[in-house]
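Worksheet: one structure, shown below.
A, B and C label the chains in the order they appear, each numbered from 1.
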Amino acid sequence: MEKIFQKLSISSATLVFVILVGIFLTLFSAAKPAIDEFGFDFITNPDWNKEVTISETTAPVVVEDMSDEIVDEDDMILDEDDDVMFDEDEEDVMTKTIYGGLVPIVGTILTTLIALAFALPIAMGIAVFLAEIAPKNISHIVGIAIELLAAIPSIIFGMWGLYYFAPIVADLVGGYQVSLLTAGLVLGVMILPFMAAITRDSMNTTPGVLKESAYALGATKFEVIKDIIFPYSKTGIIGSIILALGRALGETMAVAFLIGSIFVLPTAINSPTISIPVAMANNFGEASGLGESALFYLALILFIISFAVISIAKFYFLKKAH
Amino acid sequence: MTVMNIKKFSFTYPKVEHPSLRNITLPIKKNKITALIGPSGCGKSTLLRSMNRIHDIYPGNKYDGKIELLDEESGKMRNILNIKKENEFIELRQQVGMIFQKPTPFPMSIFDNVAYGLKIAGLKNKTELADRVEQALKDGALWKEVHDRLGKSAMGLSGGQQQRLCIARAVAVKPEVLLFDEPTSALDPISTGAIEELLVELKKDVSIAIVTHNMQQASRISDYTAFMYLGDLVEYDKTENIFLNPKEKKTEDYITGRFG
Amino acid sequence: MRLLANKIFLALSVLSAMIGLAFLAWILITLFIKGLGSFHFSLFLNDLIDGGLRNLIIGQFILAGLAAALGIPLGMAAGIYIQEYGKGRYASLIRDLSDIMMSAPSIVIGAFVYAVIVVPTGGTSGFAGAIALAIMMIPVVINTTDNMLSLVPRELREAGIALGASKYRVILDIVIKAAKVGIMTGILLAFARIIGETAPLLFTSETSNYFSLDLTQSFPSLTVSIYDLANEPEESSRDLAWAASFILTVLVLIINLTGRFITRNKD
């Protein structure tokens, strides 16, 4: 009985390992066709689902966008990737569809940075309030309220963001309601509670005697926080920021409502664009062949970036004593 | 008569270079209280915890020498350091019980706490269980206080009551030897007194080894005393001799408070 | 001057807390007004095909319930391994990997399940969706089990062993019991989290307009349908999306607060 229990227990633990490795391998193998086709250029190419001509000797030239052309059956040839190519007999020119991930990658990074810039000061302020300023029972209640903000499903943020928050931002800043900016700001509201909670917990690890010594020297609360607590909990705070960054990278639903969902590089902070999770959410249903593979390529990139960012946060900054 | 024989016993913790116990030879006499005293770090708890091999829940310990336990049925002594199999460990611990410094009531009712050792040993008969629990609680001097609330959680008892509960729990399985690791150091003086009285009563049925850093306690209740220092057994004798007429200088220094 | 800086700083801090609370209030009030405005009891009696939400609510519970049935035992068993049986580096590795997966993008998990289950089985299914949710739940359950078990004092385990109990009995009868309340709270919070998820379901179980208990097909989901409804041009769809959002949020908050309430009594 003891043996059975032990075996069950270690198998479940190993399952975690298996799933993680499985995710990586699955994404990689599903993305492989796109990786083989586009290589690292995928990361720098802004053209998604663009029809491109390739003549026998010269470089690809953009001919037309394939999205809503009526296809003439005689002209259709399917190449190995199942991409539709046109062999227009008169001009003897071949075309293929290419996918470039630059726009969603840029969108993902920029929305996350905007979210961070917005959330950071507020989250720090909340953490300070909860850890040092509020009396115990208020801190407890406000703390719970902030955690409830974290509990609200992301799709709700999308709804509220689109119909209530975005119009206000658009009024203040001008431009489109669905844009990099509104998506980033709502994302910021979403990571606020997380950052605040971890920062507060870090601040609370500061030994009471250290704080008391500073007060005993006549320091103000601000000075104690600035000179004693923040430096002491510095690594934990940075860790919370990076971890929040890691989470924001993968957020889908709220951003899907607010970013605009077009594969166009943003020209200004209030331009509509797209992010990796949103590209996946919108296109997975209809994608196939190379297009689907390109989406998996995006997923793989997102997975690797998230994994790296979260690992950095965990291992350099958030070392917990067990 | 001897119920446990420790012969030239040395012990090293895992991943540590030097042994924490060196060549200890010491008897535990039947139906007597043997106290292990000495300054912090002398190894008295380490020695006690070797007697029920509870060290072995953390792997990697090194043993030398023998610890022999009297098998009451056959009358023979067997070396408990040879035990390797799970069921032998379980048997050992049913014969040699332990009470810890911090009271450790399980998160269950008072009844279930005391019955726990019996249940896992396979006793299912409800009446017999109830009888054994009642007897154990009486032996543990707790019955009067809890007999009308056996179903209530043990966590609601006071510190002294919780420790007596742990004693009743250990006594319920009718062990040969009971090991006490500083059982009163976390308790108030009145509870301490109650437990000291209890120990003197208990030795009629069990043999007791007690680690204590309280010399007065040792001199009050124990029949034999072993003084340890830095992993060595310095002196072992009847308690009166240790306290009134110690043979070793170190013993005398410790008793008179020159160190420790 | 120092006192002024202090006052300003403290004021800013209080202001931040108020901003945080304001956002919470704004969202909840919005939900309340828009949601209640479109709310009526027939929503619980009709399925989406008839303009109600019944199949979606029940479906979401079934998906989350199935995910929990998978995720809770697996997560607890793994958490027990890490805390009670783990021998050092492997246990630490699993703990770290699990921590990382807790923050992993949910849409990537959806893509993974799509590739390994939806594609080979030829279509979306409730099972695929539930598995995606389970994969999200497991790391959270591991984390909470691991943490709560680590709070149980060492002596309690030793006392069990000293009575002759074998390790697994000590774990089941004593240690888990001692950590029971904390673990339950953690599980409830994890459940509240996955019942509100959308991304992992988008292309694994999608959703359905009809009442269904058939987990081998697309399965009704409240969250996915909110997304669909919000994208439809009709005003009535939008209103329904708000009502659904309101109900979803109320559910999630109730489960979340119940979890916290259980622990509060322990203090």
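Following the convention adopted for this analysis, a contact is a pair of C-beta atoms (placed from the backbone, for glycine too) under 8 Å apart; a residue touches a chain by one contact, two chains touch by 3 or more.
Note that the structure is a prediction, hence the values are computed from the model and not measured.
Between subunit B and subunit C, the least number of touch steps comes to 1.
Farthest chain from subunit C, judged by C-alpha centroids: B. With centres taken as mean C-alpha coordinates, the chain found closest to the middle of all protein C-alpha atoms is C. The distance from the centre of subunit B to the centre of subunit C, with each centre set as the mean of the Cα atoms, comes to 47 Å. Per-chain CA centroids place subunit A at a distance of 58 Å from subunit B. Subunit A and subunit C have Cα centroids lying 19 Å from one another. The multi-chain contact residues of subunit B, meaning those touching 2 or more other chains, are 86. Residue positions of subunit C touching 2 or more other chains, listed in rising order: 166-167. Those residues of subunit A in touch with two or more other chains are numbered 2. Residues 153, 155-167, 169, 173-174, 177-178, 180 of subunit C touch subunit B in their complex. Subunit C makes touch with subunit A in their complex at residues 2-3, 5-6, 9-10, 12-17, 19-21, 23-24, 26-27, 30-31, 34, 73-75, 77-78, 80-82, 84-86, 90-91, 93-101, 103-109, 111-112, 114-116, 135, 138-139, 142, 150, 166-168, 171, 189, 192-193, 196-199, 202-203, 223, 226-227, 230, 241-242, 245, 248-249, 252-253, 256-257, 260.
Those residues of subunit B that touch subunit C in the shared complex are 52, 54, 57, 86, 90-94, 97-98, 100-102, 104, 106-108, 116-117, 120-121, 166, 169-170, 173. Contacts from subunit A toward subunit C in the complex involve residues 1-2, 5-6, 8-17, 19-20, 22-23, 26-27, 30, 121-126, 128-130, 133-134, 142, 144-146, 148-149, 151-160, 162-164, 189, 192-193, 196, 220-223, 225, 243, 246-247, 249-253, 256-257, 277, 280-281, 284-285, 295-296, 299, 302-303, 306-307, 310-311, 314-315, 322.
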